[in-house]
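You will see two complexes here that share chain A, one where it goes with chain B and one where it goes with chain C.
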Partner chain A sequence: MVTNVTSLGRSGLSDWLIARVSAYVMTAYLIFIVGYLMLTPELSYTQWAALNSSLPMRMFSLLTILSIAAHAWIGMWCVLTDYITVRLIGPKATALRIIFQLGMIAITLLYVIWAIDILWGI
Partner chain B sequence: MILFFSVAIFLWLLEGSLSSEQGFADVKDIFANPLCQFVIWGSLAALAYHAVAGIRHLIMDLGYGEDSFETGRATAWVAVVVAAIIIVLVTGWVYLW
Partner chain C sequence: MLNVSIYRYNPEVDSEPYMQDFEFDTQGKDIMVLDVLEKLKIEDPTLVFRRSCREGVCGSDGMNISGKNGLACVTPLSSVVKKNKLVIRPLPGLPVIRDLVIDMSQFYAQYEKIQPYMINDTPAPAIERLQSQEERAKLDGLYECILCACCSTACPSFWWNPDKFIGPSGLLQAYRFLADSRDTATEARLSNLDDPFSVFRCHGIMNCVQVCPKGLNPTKAIGHIRDMLMRTAT
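Up next, the complex of A and B:
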């Protein structure tokens, strides 16, 4: 059994809830983007840059990247704790898993920072 | 796992498309390159399947489709079919338009 030291939420239930809330946000964003792309054929740079520099869209995108980060952290934590375990590969599993988890968390945070730079760097 | 790294691809494309007129054109060229088309298609297909299966879970959380094992299997197959349809549309979008 693994402890929840490196998990995002305070408990399994809190991870469960965060995953759902972030899922709703991302689904809304996905529907918006697909709808927007379908409704604006021959999308031009000026249109696309205008959309993404409006404050509401920046807020929505930021909310979405934060949701992606939380969702990914919880999801990847599940993957890593399912497969890199002492039961499956022996005592060194814990150290190996921690390394993968810290790498995953670092990449996730980098995604957030990179997205902020993209959105506010226009 | 594919989705986790595809976030990097999507961010990279977003960065390019917003950087400048030239960047936007570069992204269009990327969409024309066969290898990049395949990578983008794969990422979008993985996203489509994940989203459909996820939405199925959200629906089940609301209490629908939880009657028995059979309904569970049935809705799972519905999700697979819906995802396949979306992936076909994605294929069209990436390769044709």
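Up next, the complex of A and C:
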């Protein structure tokens, strides 16, 4: 068994499941937003603000943001562990990969906090 | 005349690999790629490749033929020659020992990891462990693998992490034992696979299915392993 401490769920199955579920959430959000915009051709600012300040919409948006964050974490972790490895670029790879991974995790979390601030600031 | 371009590399002589061109007269016949190599080897005895049974059973002559992995002995020229040119390279992703011969240690190390043998700790019956026809049928499409490595060396996930990702061939074999009604180590086998690399580096691009010379479907077997992991997960 191969172990890794920087993957999101620590287990392959958990990461795989989170990636799938988050993809469904993002798809549902995209369909909803595109559908809403198409069904409301003359959208006013008041309508848009009312939609986004309602609690269910805030929850849906937050769920989507968390899904994007989790999906990005898993995806970026895969990309980084594919290409920044000791096999491919030598012994400095481990330190470099940890820096990139922690940087990626920090940026992802900051985006989530920022998004919460925006959502609840409407 | 058919133009044949072959990857050459002899680490004792060459500083780096190069492609060597040969002219080959097929006499209008649709022969196998291995036949071409055999005849060219008579012309140039320094050309090195593996071969044994010459009928797609031993899995020795896996190579990259005009961009696609396959067994030279069962690949007719008509299926791979484009614009009168045949390009032959070693299987990608593993170290080259010489010309078309690759070092398959990493491939075998992954195969060894999945414990490719029956594990059954119950007392052996007098004659043999029986299976119903339905139980036996579950092994079809799994046991036929000849370990030619065409699939694993066509898989980018295996190229980048051959030390961590089991690869399509190893996983097909892993499922062959997981699916076997006579094997009692299912739980232990599954717990050895539930990490982010061993199985889950498969992103389902199905290169393995496209190249398998035996027409097997490792992606489907990997899907079954995922289902089994899901069922046993708490």
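Criterion: the second predicted complex is superposed on the first by the 119 of 122 C-alpha atoms of A that agree within 3 Å, B and C clash if a C-alpha of one lies under 4 Å from a C-alpha of the other, contacts with A are read in each partner's own complex, and residues count from 1 in each chain.
Note that a residue touches a chain if its C-beta (ideal position, glycine included) is under 8 Å from a C-beta of that chain, and two chains touch if they have at least 3 such contacts.
Computed from a predicted structure; not experimentally measured.
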With both complexes superposed on chain A, which partner does A:L30 reach: first (chain B), second (chain C), both or neither? first
Determine, under the contact definition given at the top, whether A:F60 touches first (chain B), second (chain C), both, or neither. neither
Check whether A:F100 is in contact with chain B, with chain C, with both or with neither, and answer first, second, both or neither. neither
Check the residue A:D15 against both partner chains and state whether it touches chain B (first), chain C (second), both, or neither. second
Touching partner for A:L88 - first (chain B), second (chain C), both, neither: second
Touching residues on chain A, where the partner in the complex is chain C: 1-4, 7, 10-13, 15-17, 77-78, 81-83, 85, 87-88
In their shared complex, at which residues does chain A touch chain B? 20, 23-24, 26-27, 30, 44-45, 48-49, 52, 68, 72, 75-76, 79, 104, 107, 111, 114-115, 118, 122
List the residues on chain C that touch chain A in their complex, please. 156-157, 160-164, 191-201, 203, 226, 229-230, 233
What does chain B use to touch chain A in their complex? 1, 3-4, 7-8, 11, 14-15, 17-18, 20-21, 24-25, 47, 51, 54-55, 57-58, 61
